[in-house]
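Structures for review follow.
Shared between the two complexes below is chain A, which pairs with chain B and chain C, respectively.
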Partner chain A sequence: MTAPAVKRIAALAPAYGILAGLFLVPIALLFAVSFWSVRSFKLEPGFSLDAYIRTFTVYGSLFVWTLLMAAAVAILCVVIGFIFAYGARFRVGTHGDLFILATMITLFGGYLVKIYSWKAILSSNGILNSLLLGLGLVDQPVGWFIFNRGAVIVALAHFLLPFAILPIYSALRNVPDITLDAARDLGASPWAVLVKVVLPQCRTGLVAAFAICFLSAVGDYVTPMFLGGGSAIMLGQFIVSEFSTRFNWPSGAAMSFSLMGASALVIGAVWLAFIGRRR
Partner chain B sequence: MTDSDMPSLAISRRTLLAAAGLIGISGLTRFGAAHAATQLTWMGWQGYDSPLKQGSFLADNGIELAATFIANNEEIITKLQAGGGIDLATIYFGHVPILIAGDLIEPIDESKVPEIGKVFPHFIEVDAIRKDGQLHAIPFTWGTLPMVYDPAVITTPPTSWSDCLKDEYKGKVAITDDISGLISTWAPIATGTRTPTRLTPTELRETIDLLIKIKKEHARTFSPDYGEATDLFARGEVVISAIGWDAQVGFAAAKGKTLAYVLPEEGAMAYMDTLVIPKTSANKELAYKALAHAISPEAQAVLAAELTQAVVNSDAVKLVDDSNRAIYQYDNLDKLLERARFNPFWPLESDGTHATFQEVQDEYQRFLQA
Partner chain C sequence: MSEAIRAGEAEPLLRLSAVSKRYGAATALHPIDLAVTKGSFTAILGPSGCGKSTLLRLIAGFTEPSTGSIEIAGRDVTRLVPEKRPTNMVFQGYGLFPHMTVAENVGFGLTIARRSRSEIGERVAETLALVRLEELAGRPIQALSGGQQQRVALARALIMRPLILLLDEPLAALDLKLRQAMQTELRRIHKETNGTFVFVTHDQGEAFSLADNLVVMNEGRIEQIGRPQDVYIRPKTLFVSQFVGDTNILEGTRRSGVVELAAGPRFASAGPDGKVTFVLRPETVRIRPAQDLPSSPIAGITGTIEELHLLGDGARITVTAPEGHQLIVRLPNPRFGDGLAPGIRVAVDWADDALTEVGAP
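Up next is the complex of A and B:
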């Protein structure tokens, strides 16, 4: 092995070491545990598919609902994120970066603060109901603003929106103005410019935004716990309880890997639909 | 600076080095002293460590307290099964038989717990914390899971758990994620049983069906914990509970909301958290000292003042405030604990008749998903 090659390997070793030690090895161990069983709060090594069977028999419909809710959050984030990023890139001149900085500032508030803020907004005596009552639009507080899937989706989308805006804005910055000018000069309508010139050139950013938001939402368990009200539940809540309260690590691990696999399939399908086949 | 200045500089440097050396040595000594303290590892709910920190107990005994907070009691079982590393833990009394069966905790040497005679007999005599008469856990705090209601809206105190199912309270009922509390409270109503932790699979299913009906048709929402449920009362979103915690009255008072509780005629669940010393404890003598301190009147008073918890030491009652005495009715424990009962834990292994803890958890998942 040549000296430069040794140096290169030595330079990369810490990074691979951290990746392997903190990510790959724990994941591999957890994957192994997903085939074990548990008895009287004790793990028993072995090979059993019971935990995976349990995932789909006990949590089947919840599994699907979780994927659907995460997809709704991701789509909402991508649509709103695109509108915002498009405005920042093409409509506000040199102030675009300032707009992006403003979205980053919203992250400083923290995750739980946003959840409690939405509780303050949507609850029966919250800001929204107070406003509606004050304007005389309703006679009594509206109860369905909170403790349902809509509230969970809205709060998650609000939290994840900056993570969608960033990659989309980054992709839009790579769209040269000259291609837009060329399209317009050739007679393209604003809609045609958007659909045939802008969107194709930023689709990588759109898919990245979808993936980030989808993955963050699909594993969330705090937002549905506080805003879902027991009906808008997500699989993450039950993964937590399988690991902690029930000490059923095999079941929790199987649920986690099943969700990871399903998420990979969803993102792979989105990638294939919007990027893969066009290359 | 000239050469002639050098000697003085040299002296000065020597002095400086000597001083630095002294400082270093003194620092090292202090460092050594700080680390001469013995680390005592404790595991339990956040806040339950406050009594251990009361007064100068830790400093006087050279203890450096390392606290590990739990999100649920089962974490303690998991930790001890995995090998321990814990000197002292506070755990729900219902889990003590699991720890005893797993040979995970020490039998208590009562001679090392001087205040044990001051613990109310109602708690020290609970069967679950003993094996063959030998004490394996020491009561730390207790409470009841009564019906909590808003007296500003409900002026006549409810008398039955079924009162929360009246039409007038539809959508204004608080219900909290508490597997033991919910099933223990509603199994007697759904099935007529006297021992709600000994249910046949059919009785368990009937209880869960009733709970699902309450959750879907009567509850405002399903609260993840009692703090959230108290917030619902404070915001006026609920007025009555299908499961409550006496401490909620104190929590609500801190938010400026007056709540009341009642033990309905069907009875309610009593709970107790206990102190246990794991077999793997590396500092058993210190653990005993900490355990003894945790049930001392002064330490118990901290528990009452900071967490609105109930005390177990009869001498601590005079140290708690009036609101705590009003909530826990220490002078009336006999009557209180007639209605609020300590239930045995669910069977861990099948006896052919009753649902096991595993089956109870499975059914509870059905309730959570409904």
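Up next is the complex of A and C:
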């Protein structure tokens, strides 16, 4: 190794030190714990796969549902986020940046405020039902707006939307207008321009938005707690209870790592499908 | 149309009638009329911001005119979207698709038109050969030099065999060598494809070396249209004479058919009385040492050589007359410069038809 290379690595050391201390060490500890076992509320070090086996036998279908819901949230965010970012980039003109700033402002309200707003909108005595009753479209409050997977997906997508808009918008800003003009000049309809010229040029932004939203949604447990109804519907809710009320750390850790691994696979697959194979 | 046939003229391929473009309160283009015949190579020449790109974008369909109509091959295309027009454009800055290879870029238009794979393959190869890029077909766009990118942009438009090829300063980003080489290629391609080219540039040398039809623009107006040599020899306005090549401007007054220039000479010239402006091309001025003068006065000016630059392909001489009037003289062959040196008294004159009267600026 040359001297400048050593110097460069040395310069990076503090940053990686902080990352290791705050992130990698706790994760490594938790990973070790996932192979331990619990006997009468006491952790016993060792190597056992029981916690993982338990994850897939007891929570198998919930595990799949959690991934599906996170994927639904992420796809919803990417699609709506793209429409929004596209509008800001190509339709609003020079004020596109302000437009994007405005979406960031919606984050100030915070996470719980958004959940409660959705509760106020969707519950049986909520705004949506009052509206429908008032218009005479229904004669009894509709019960299925809330306390199900749909409500959780809608609320999560609403919260995560700005995080999808940002990477897509910055990718779209790097798409030169002139490539759009050139495509139309060569006979492409507006739809063909979108599919063959705009989307391929911003695909890293789309995949980044998908990853951010998917990862945030897959581990969430607060939204399903408030909007998902009586029985837990996402794995995160069980991970919380394994750590807190049941004090079964190995099980909680194994569930976390299984979810992490599965998420990595999903995002890897998406990346491969849209970016990896090209160039 | 019937009028043109009766008049025995060929119907132009492209016709703009009273086309103008306003952006809010600002006028990018005043109403202009322009006709381009099939097979011609038209250069649109003018300074930056004079509306050249606006004019091209109007023809291609990217902007809608505020007034007037545009006809291509006898068909009104004023409200037609760009993808439906029989024109293709080489953009200022190319606008190549960065996520595609050279061949994919060139084949894009045919892919959109859903041509068969074999036809696309054949025509891409053929067109890449035309711009001499056969070996680079599989390269990503990022891995090309500026000149190569420019040729890809040209190929991408040429492959569509447009009725009219629009080129917006496609050579502006290239160095002199490459630019000259590309000019030669463009001329060759124009001949080989028998196409109709409309070429925008602010480089007068480029316009002259390429075009058989020259349109000079300034501040959103067309100043003059004509064959390049005619525009050069007979500029209609002061702007054209100054923008197109070196020029001498001679001011004077006309009184009952006789013009007296401020620099001295008098000559007969019909026209209304009042202030007049004439332009005189430096290479039409004759110059010789003053001692060779016949004793009778000539219709020229005597003065002193102020500066003499050898240009390699000639000499550029500045002569100062007694009242401070300056005249630029160009000699094509340096040998004629012999015997001429700064400080020497000289007589300059010109043939009667070398002076061209221009309208007020």
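Keep in mind that, in the parts below, the second predicted complex is superposed on the first by the 266 of 279 C-alpha atoms of A that agree within 3 Å, B and C clash if a C-alpha of one lies under 4 Å from a C-alpha of the other, contacts with A are read in each partner's own complex, and residues count from 1 in each chain.
Criterion: a residue touches a chain if its C-beta (ideal position, glycine included) is under 8 Å from a C-beta of that chain, and two chains touch if they have at least 3 such contacts.
What you see is a predicted model; the values in this text were computed from it and never measured.
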Clash-or-fit label for the pair chain B, chain C on chain A: fit
Chain touching more of chain A, residue-wise (chain B, chain C): B
Touching partner for A:Ile233 - first (chain B), second (chain C), both, neither: first
Contacts of A:Met225 with chain B and chain C, given as first, second, both or neither: first
Partner chain(s) touched by A:Gln140 [first = chain B, second = chain C, both, neither]: neither
Which superposed partner A:Ala192 touches (first chain B, second chain C, both, neither): second
Included angle at chain A between vectors to chain C and chain B, based on C-alpha centres and rounded to the nearest 10 degrees: 150
First (chain B), second (chain C), both or neither touched by A:Thr94: neither
Which of chain B and chain C A:Thr57 touches, first, second, both or neither: neither
Gap in Å between nearest CA atoms once chain C and chain B share a frame through chain A: 47
Chain B-facing residues of chain A, complex: 40-42, 58-59, 61-62, 123-125, 143, 146-147, 225-226, 229-231, 233, 237-238, 241, 244-247
Touch list for chain A against partner chain C, complex: 176, 178-179, 181-189, 192, 196-197, 200-201, 278-279
Chain B to chain A touching residues, read off their complex: 71-72, 74-75, 77-78, 81, 98, 101-102, 171, 175, 179, 215-216, 219-222, 224, 228, 235-237, 348, 361-362, 365, 368-369
In the complex, chain C residues that touch chain A: 60, 62, 81-83, 87-89, 91, 93-99, 108-109, 112-113, 140, 156-157, 160
